[in-house]
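Dropping the structures in below, format is structure tokens.
Presented sequentially are two complexes of subunit A, the first with subunit B as partner and the second with subunit C.
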Partner chain A sequence: MSEAALRFERVTRTFGRKIAVDALDLSVERGTVLGMIGRNGAGKTTSLRLAIGTLFPDAGRIRVLGLDPETDAMQVRTRVSLLSEESHLYPWMTVREVLAFGAALHPRWDPKLAKSLVGRLELDLGQLVRTLSRGTKAKVALVLGVATRPDLLLLDDPTAGLDPLVRREVLRGVLDGVSDEGGAVVYASHLIHDVERVADRVAILDEGRLRLEDSLERLKADVRRVTAVFEGDAPGRVDIPGQLDAVSDGRVLHLVARGEVAQLESRARSLGAREVEIEPLSLEEILVACLRQRVEREVEHV
Partner chain B sequence: MFRALWWKEWRQLRLLRWSGLGIGLLLPPFLLAVAEAGSRGFSLFGGISSYTAATVVQEALPMVMALAVWPLLALMTAAQAFAADRAGGTDAFLLQRPVPRSRVWQARAGAALATALVIIAVQVAIWWASVRLLGDPAGFDESAMLSRLLVPGVLGALIALLAGIAAAAFVRSPMQAVLLGLPLFAVPVAIGSMLAFWFGGFSIGRIPLGFGIPLFLLAGYVVGSFRMECRGEPAGRGRLRRGLVVFTVALVAMPVFLAATAPVVMRWDAKLGLGNTTVYPAPSGHVAFVLNDWQRAAWLIDTASGSRLRFFPPPVSEIAWNDEGTRLAVIHGAGGSGRRLPTQRIEVFDASGSPVGKPIRCDSCLNWWDNGILWAGEKIVVTVFVEGRTGVLIVDPKTGERRAVQLPPGPSTNWRVNKTRDGESVFVMRLVKPTVHSASEPSEPKQAVLYRLDVETASLEEETTVPRVGSMFYARHGFSPSGRSWLRLPSTLTDQVEIVDLETSETVPLPARRATWLAGDRLAWVEVEGREAKLMVGRPGDARLTRSFHAVWFSLDASPDGNNLLVTIRVPGDPPRILRWVYEPEADRWLELRAPDAEYAWEHGTVQWAGPGTLAFVEQGVLALLDLERPETFDFVIGRPRS
Partner chain C sequence: MTIEPLIEIDPTSPVALYLQISEQFRRLIALRALQPGDRLPTVRDLAVQVRVNRNTAARAIQHLESEGLVMTRVGRGTFVERSAVPVDRARRDRVVDRAIERLLVEARTVGLPLAELGERVARAVERLQRHGPPGEGSDGGKREQKK
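Our next item is the complex of A and B:
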């Protein structure tokens, strides 16, 4: 059995008193695209920086393509690329210079792939980086990241703030360049629709912890909203297997839970519901359901 | 990969290179404008009466470049090279790629150093062109000026560069790195300067090693920066701790190294300079104080065993033994560790080298070539220089109490103390009509008024006048053993020896240029007739010829008790030879001395009395004792003669 592209085993990382990643277990198989979603500060960026080895974990174990990013840093960075929202490009270089510089630093640089990406993304090689738009910088960063033919590509919201057309273009470039060749992609983003479009699997992070992780299809198929109507007031607190969220509103109880339709209906009726309605959820609704309890806790606290 | 990194760092510093060129071009007109403004009274630093363009470009310009512009630009270069990526948010570009951080560090350091050197070279070229255009190249030694300024300028730039590298590891922006770099630049320079001053004796051949001690700190800058930037988590956690650990180690290493090496280096340096040495035998004959006249370091040695009892780090100004040879007073400007003291002090030791009592502060003790300090019984009499005048103090070493001697009014500023060999009479000598600086000049004829000092009452009584006092360099040999006569040694090449009777003021000339007192107020002197030199012993008019030599050079030195005479001659020949004897006048006995290492050592070394029956042989790096009871054997106290 081949080693997973990325494996976190109870990984914890703190910044002072703030726990950025809390006993995180995560695994990304080769040839898959993992969408990593969560609120700001959920631990997405920290996880990716841990994966490429610019941060070291306080506890736990990380393996990237079977390597330890702390001790095998050069090998990991040879085989892994990280594209982030901040492109980190030198503003005084031209596009040609920055690509040449990136090529000189990387033993796996593929000039043909770089040339084809430059052509496809319509980059002007003579332009200074400081004069480029944010979208064009993202394209340059994409060429730099993908032309090294990474076995694992880490995307930290590289398309945030870009218009939909550019986003689509960049994402297409990513998928064509990496996942089609058996590489793995971890795509951390707020843009749930983008994630939904490209991800095979989805991991929802909150407060540095993994709330939910599964294949996108199964997640969307298994997680459902249950609306149960009671004779009298709906129960204030319920706890059924697979429950992700529960909100009572007079005689109505809104539940979000994983399970088969019949299973969920039977569980709702066992609580005393007279009428039960079950419907599928979008990824965004699943994310909101996962995060609502904490948000409400925070609001109550405030 | 390194080439690409170098290219990137080199390109990133191009603005600074252009700035260096711009500043170099603007400096000459700027300094000329400042000079012009100063000449018109518009200056913050005080006006200047006149200036010439040649002076400005030939002297002020290179000085400003070397001492201010180069270090500042080097600091800015390092700050830019090492902090710019962090400030611009582009550091992740390299951190996320398979590039060893050590290579990045090396590329940055190399590019920063190259940039600093290019700036220096360009500015030197601009200065050279300015001298051609505005200066007076015909009457100006450019290479001398350049060599004078290049060393401190490049050294300063290098220190600033390292300070900038260290500072950039701690902060996030080049500007912060420059601000932090300034104190980091100043600290090693200040430490080096202070150590060079405080530990003046911590030197080799007059090169103060104190300047070298901050190398530890500079190495700490390099290692600290490297460990902060290239080790541990790339994002930077723990970097501050790593850097502080290295800097702390470097800071601690400096005093530790100094403490460990300074005593060794001081002794070694003092040993190297042993060729220029004066030996002060104690009257007891058991110990001798060996003062290196060049470094002003000294040893107290046991003449019987040849062991070194104590080392005195420089500067030792002057010393005096008491009449019994049991106490030694040293005017010393350094503490036990060798640290130079802000003011001199008088330290008293017993014959074994152990301190007796507390040191006595003596802010302005004077060194008058063996005439500044002496013992009068239990008290110490010392000359001092206060408010532009020489004074005389009587110090009680037990209590530290000081009493000033009331000196007669007069224009003279030259007072010295002296005493007869029997220790009975202490005199304060006033040199008439000399100036402070010229008083010690052997060529200046001068008169000395002798005042007998009553140590108990600190009062003076005028005794007599020595009409022509002669060379003060030999003043401690002036009094005859009884104190009745004064031996005036010639201070000019054509002059001759005179004996002055201090009771009658009668002067008796001797047809000699060399003479020395022997026991019983007898004299030994050399009369030269043609190529023949006759050694005479006795009193003027009642002397006998002891031996004649064919010599071109003669030296006489009486033993401390006056019973023996060390005779040194230089015999003409190819090569000329030096011969030495100890002559015992009472027994009319001659003892020829053999050099410790054939002829070579006699040629290079000197021999002095270290006790009544002991001679000290000193040459560079060597001190040996020769017991007259065993004249064939040298006991080497320090070093060995070179073969």
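Our next item is the complex of A and C:
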């Protein structure tokens, strides 16, 4: 039980000339929820598919619950579930048949949990999959994914495009399904508020690389917005320790940086700022600050 | 009990989620929606209902324990403590109203715009929730805002 739920060591995966995942180091401890955020194409889906072993890396090492998804594929598939935005369910089956199929295939199927989820999600067992709405399909996929009591549950934006009530129920099902014995979750999503709710740790991915990884609470406690007002024009270029983003506009400099309040204030003052205001940030604002800096670097290189 | 509709949290707030949850329990106890002897949901149920991870739910309950509001009996559950009965509401409101009255008079005397006063109070509340009363936490959040 000592191995991490998931560990990536300098994992790289390319598709033709596109580098989807680039020397990625990532670690998810047991009993924790890692929120994975970033833009489209940042490498989230590829990372999750590498973790469950439907894709293999070009370089680097992956361990899932101490196992190698390439050589211990059966074991990994038994103990890990992946829930995606698009669920693949046989359209000609009824919900009951889909679940019976899942139960028959899976040695760790928990019929009690399946039953309680079916009740809570108000699923109609007699309905044909092809007649189900998108939200209902997502619920069926959820039951399939968590009734196996996975030790590692991988979520690839499973609630994207669903209405808020279904989203809530799916998120509840996820939290209910995680194994009590150190079950871990990787939750990749664009719904930052949901990530901010359920994650212990957050990984920000960008262009296949890890931009930032930390405890969500620490991140929110350490990263601050500094608004510095200058007598004349604010400096155009600044680079203070811990800086994630800097934009100057007239006499105002907006900084996003990690650091203690007193530290950040004295740094802003040493740049010549007259007024300094320091505020906390939400995860979404932290993400935007991380990604904007990259966009600006790119512009410079042109 | 179904606690979900009673516990409202804001994931975007800088106040840690576990503190938001324990504050909400404190509110429910003050409202007498939860009374001495009532059982709290288990960590797992709390996590599922409020949609947070289990570590957050466990910390919220630990926090309430450390404040003496609830007590966990091994194998039986977590219960609201007898001593958690709040002070009489009318009396509590009177005390707070008087303090607000004094604050308003002081602010007006020194010429502080009333809108700013509201903002400052909100910030002070936030600091208290994050760091505890001044002098207790690391930097007490005293310098969070400085002009």
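We take it that the second predicted complex is superposed on the first by the 290 of 302 C-alpha atoms of A that agree within 3 Å, B and C clash if a C-alpha of one lies under 4 Å from a C-alpha of the other, contacts with A are read in each partner's own complex, and residues count from 1 in each chain.
Everything that follows uses one rule, which is that contacts are C-beta pairs under 8 Å (C-beta built on N, C-alpha and C of every residue); 3 or more make two chains touch, one makes a residue touch a chain.
Keep in mind that this is a model prediction, so the values were computed, not measured.
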item: Simultaneous placement of subunit C and subunit B on subunit A, clash or fit; value: fit
item: Contacts of A:Asp200 with subunit B and subunit C, given as first, second, both or neither; value: second
item: Touching partner for A:Trp92 - first (subunit B), second (subunit C), both, neither; value: first
item: Geometry of the superposed three-chain model: angle at subunit A (Cα centres of subunit B and subunit C, steps of 10 degrees); value: 160
item: Contacts of A:Val33 with subunit B and subunit C, given as first, second, both or neither; value: second
item: Partner with the higher number of touched subunit A residues, subunit C or subunit B; value: C
item: Touched partner set for A:Leu171, first subunit B, second subunit C, both or neither; value: second
item: Touched partner set for A:Phe56, first subunit B, second subunit C, both or neither; value: first
item: First, second, both or neither for A:Phe101, with subunit B first and subunit C second; value: first
item: Which of subunit B and subunit C A:Arg77 touches, first, second, both or neither; value: first
item: Minimal inter-chain CA distance - subunit C and subunit B, angstrom; value: 25
item: In the complex, subunit B residues that touch subunit A; value: 1, 3-5, 7-8, 11-12, 88-100, 232-235, 237
item: Residue ranges of subunit A touching subunit C (in the complex, touch as defined); value: 31-33, 168, 171-172, 175-176, 178, 180, 185, 193-194, 196-200, 217, 220-221, 260-262, 265, 275-284
item: Subunit A to subunit B touching residues, read off their complex; value: 49, 52-56, 73-75, 77-78, 81-82, 84, 86, 88-92, 100-102, 104-107
item: Subunit C to subunit A touching residues, read off their complex; value: 9, 11-14, 16-17, 44, 47-49, 51-56, 130, 139, 141, 143-147
